[in-house]
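Next come the structures, one after another.
What follows is a pair of complexes built around subunit A, which joins subunit B in one and subunit C in the other.
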Partner chain A sequence: MEEKKTLLEIKDLEVIYQTDEATVHAVNGINFSLNEKETIGLVGETGAGKTTTALTILRLLPERTGRIKGGQVLFRGENLLDKSVPEMRRVRGAEISIIFQDPMTALNPALTVGDQVLESLEIHNTAGKSKQELNARVDELFNLVGIPAERKAEYPHQFSGGMKQRIVIAIALACAPQLLIADEPTTALDVTIQAQVLKLMENLKEELGTSMIIITHDLGVVAETCDKVAIMYAGEIVEAGTVEDIFNGKEHHPYTVGLFNAIPNLDEKEERLRPIDGLMPDPANLPQGCKFGPRCPHFTEACKAQTPYIYEEKEHRIMCNLFKKEAADE
Partner chain B sequence: MGKFVLKRLLALIPTILIIVFVVYFILDLTPSSPGQLILGQMATEEAVEAKNIELGYDKPFLVRYVKYIIQLFQGDLGTSWVTGKGVLESVFARFPVTVTLSAGATVLGIVIGVLLGILAAVKQYSIFDAAGTTLAMILASFPAFWIGMMLVILFAQELGWLPSYGTGSIAHYILPWFTTACAFIASQLRMTRTSLLESIRMDYVRTARAKGQKESVVIYRHALRNALMPVVTMAGMNFGTLLGGTVTVETVFTLNGVGTLILTSIRSKDVPVVVGAIVILAICYTLVMLVVDILYGFIDPQVKARYIKN
Partner chain C sequence: MSNLVETVDLKKYFTVGKNRYLHAVDGVNLEIPEGKTLGVVGESGCGKSTLGRVVMGLLPATSGQINFDGQDIVSCSKKEFKQVRRKVQMIFQDPYSSLDPRMSIYELIAEPLIMNKVYKDKKEVLKRVQNLMDTVGLAERYINSYPHELDGGRRQRIGVARALALNPKFIVCDEPVSALDVSIQAQILNLLMDMQRDLGLTYMFITHNLAVVKHISDVIMVMYLGQCVEIAPADELFANPKHPYTQALLDAILKPVIGSSKERKLIRGEVTSPIDPPAGCRFAGRCEHCRPECTGRDIRLVDVGNEHKVACVLAGS
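Moving on to the complex of A and B:
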């Protein structure tokens, strides 16, 4: 295997939302890294801070409320958090693209889909290509995502959800980014379309060699598409590792165990995962020590006292005191 | 599209029936003698009586109403009891003043209101937002005649920059325009602000930012365009309402518009002019709203698609 080059490295990232009522601790010191041509799955239930993490990478947090309290987002060694606004604009859409959660609302209803794809190309047209060349590229992108290029003069409301998602993907891929962030790219689509869109993304990844962050709550999607996995809970990555570590490894965080136990049967697919009794703590009011403590079957007083022990074995990291005891026993 | 226009025009018919009925009914509550009005104070009682009978004024209310409606749909609005001129002619003679006043005020309202609204929304919670919102509140809460008088006192009497009455030139219209526009600036500002704030939060605006688009283009190309729908409706409604609602301002600035025509005609009980003028205004209002609806199509492709299908 060739030498892996690190593309993205997130270090101790901490993000809050400061609203009038409360301080929401959405992301609390997460670390992960991603190599070129690799795909990482970010898994966790609703409110875990997945979207917040994605928005932070592109510095698209809501201006008034979202605040990055600390940490680094190193993209090819440069800290994106230090970049100026115009520098950041050159990264967005060109080097890092994002596909948002809901394709139904992600497109501007007043512009033709062709113009919306073209817009990406125009913004980053540093090579000074002619209008014709750009339009040819729009056609190419439509073909790439499997939509007849003749339909580019139509408006978003003339397309189905799955097709809209394809257009959103075309926009994201327009400038051949090195990193594509897909925030629940298939959640809003029905099952058959989900499979098609995933297949499309998989093919594109192979063809273009793009690295991806796939945000999902569906472990099935992770198993199919990812090289690495990070399990998020209450703004922390409680367990991370290769797909092999997570799906076949011996050691697991109690939350991961819960997640796997909660995988629904094929014929009764649930909307959202409810892995374990209880709810995720309110991020405006997080518990002391281990944030999973209140729901954990292995909870002890020690878990409340301080942040849990971090178990590490090669790429596999688990944030839980259970493994500290084991280490002491041996 | 043609079908859509036709449908809207047909809807005018019941509207006119109701309007005429109401106006006719109210005017009929106080006794009137068209014979006296037409023949003047010097006419003999017999002559007046004979004229009233000729006009069918001895007949019951409903009979007169039906007769008027029949004439109306034949395109005959009747003649003024006071001046003897055709109603259509009298109203159209006054029309340019009212249209100039309404159109100018609408344009001012849109330009100032929308610009301040954009500023308030884009710089939400800033000093611009606070100032804009406060201005809107002040403008909306003072009555037009009061604002008009204050402007007259300041710019006509004290500073002597502008004329305070009449219609001779553009300068004559400046104070009436601003007076009329005040309420619009307020409503347009608020509407633009609310609507834009809403569309700025939409996902597609975030998509545009994620493409690396400049913030100014994001606002103009993505947020504003979608925020404009309610603003256009409101502008159309404002203009339509204005056509019939400039009486106060016309009176304050002694402009001879349709508003003052209706007012003097009510005073002199010149029923055909009152009813005729109101019917014409109702038709104009409908036409303006129709144009607004068609304008929609240019902004919102979904609406355009619907017209074409119909």
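Moving on to the complex of A and C:
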């Protein structure tokens, strides 16, 4: 096996949103790492802290309310949380870039799409390239994402949803970043267009060797694109591992099991779906001990008392007391 | 078994500029037997929501017939339509924007009852609201809450309770679970299926999610640019898709299994313009089997057996 270099490492990251009424615990001590040329999927439901994690990596949390309570975001060994604002500005777009969920609102309606792609090239033009060279790069990027370069003088409203998402991808890739964060990149798109966009991202990953963090709630997207998976629930990573561990492994966190059961199965005819009982806890008022406890079919008093046991086997990590008992039995 | 809802050559055109027409729904014939579910699938812009709204009577049809329980609701008088309206209800896509934020849960669910003067006594209204909340699984303590206090799943339950308030026979569900998380989506789908079993409801279920549509539907209709390109019983459609567009749609599904579809066929291009489309198969421009006979004349639905109909020149050959 070839030596893999760690690109990004997140250690004990804790983020809160402080409002007048409450303290919202959005991310509660998560750890994960990403090697070069790898793709990790962050999976979870609304409010699990996926997007907050992404915004923290780029230091784009809302200024008034977002607070990073602790932890480290190590990007090629440097802690991004220690960087000054101008330093951070040089990282964003050039080394780490992000694709937002909704291409309809991510683009500026008053600028041509060509200018929007050009913008990030101009900002990060440290090599002092000429205007012509930058424009040539814009054409190259349009070709890369499969849009005829003649259309760069058009405005966003002249493009369909799938095309807009391609333009957003072109902007994100403009400076050949080492890490691309895609926040629900295909949720707003139709299935046939989703397949096209995922294929495009896959090709780009192979060509450019970019590492990716894909944030999604769609396990189908994860199976298609990711090498590693982290399942998030209430600001914690409850299960993490390689894509094989999550999809084919024997041991799972009860929440992961619930997520898989809740999807209608195309190959079998079931009369009823098996939803997870209850709701995601209010992040301003999280339960003691295991956060999934109140919804868990295997809940015991021990789960309430302390933070759950962490089961580990190679890269596969599960945060659940169920596996503690088994360990004791052996 | 009699059909509760039938449409005959139903068309809905929108005017765009001068003398140009957007063919949102273009000659759709459908039949929904009582107590069954018709799933309508297609990508955004294919006219599925417009179809739902026209069938509901929320938008006037350009031409064609909609028969509800044997009565044509396109040509009937306003007064007659008001009677029909009580039996036809709708569940909307987004529970965040379809509920008035200034109304309490009680007011929201009681609104259809008060509007239609169903009960004389306020106590009876309250009783019915409590009863409905119980049916859709909303705890009674929420009765004086406002929508913003509840999560998406509970809000969508209010949408279901409002739709059920007047004891309708037919409900158009327009993407009722698309805005919800998977675990909540499963709760609402189970609720809708329980309601159908207990109250004998008939559904038209509009969605772009193929796994959901297979789960809930008896018959599935695939729409492309305002037309029905294929219609078949759910299992038959998934086992034996005939239209190249249906095949591409099914092929594009991402299954939560590793390595399930590395060799996926992608359809090229995107949906073409629905404004004054030329005669012929509307999928032709994206179709890999496109041949000269596909253009120039409209392609009719052909019965290929097993209640399976396809609008494609390849079908039957």
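The working rule: the second predicted complex is superposed on the first by the 319 of 330 C-alpha atoms of A that agree within 3 Å, B and C clash if a C-alpha of one lies under 4 Å from a C-alpha of the other, contacts with A are read in each partner's own complex, and residues count from 1 in each chain.
Just so we're on the same page, a residue touches a chain if its C-beta (ideal position, glycine included) is under 8 Å from a C-beta of that chain, and two chains touch if they have at least 3 such contacts.
What you are looking at is a predicted structure, and each value in this text was computed from that prediction instead of being measured.
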Superposition on subunit A - do subunit B and subunit C clash or fit: fit
Partner chain in contact with A:76 - subunit B first, subunit C second, else both or neither: neither
Partner chain(s) touched by A:262 [first = subunit B, second = subunit C, both, neither]: second
Touched partner set for A:105, first subunit B, second subunit C, both or neither: first
Angular separation of subunit B and subunit C about subunit A, which is computed from CA centres of the superposed model and rounded to the nearest 10 °: 70
First (subunit B), second (subunit C), both or neither touched by A:168: first
Which of subunit B and subunit C A:191 touches, first, second, both or neither: second
Touching partner for A:11 - first (subunit B), second (subunit C), both, neither: neither
Residue contacts on subunit A - larger count, subunit B or subunit C: C
Touching partner for A:67 - first (subunit B), second (subunit C), both, neither: neither
Minimum distance between Cα atoms of subunit B and subunit C in the superposition (Å): 8
Interface residues, subunit C side, partner subunit A - complex: 43-44, 151-153, 181-187, 189-190, 193, 208, 210-212, 214-215, 235, 238, 248-249, 251-261, 264, 266-267, 270-271
Partner subunit A, residues of subunit B touching it in the complex: 124-125, 202-204, 206-214, 221-222, 225-226, 299-302, 305
In the complex, subunit A residues that touch subunit B: 58, 60, 64, 89-94, 97-98, 100, 102, 105-112, 116, 119-120, 123-124, 155, 157-158, 168, 171
Residues on subunit A engaged by subunit C in the complex (per definition of touch): 45-46, 160-163, 190-196, 198-199, 217-224, 243-244, 247-248, 258-266, 269-270, 272-276, 279-280
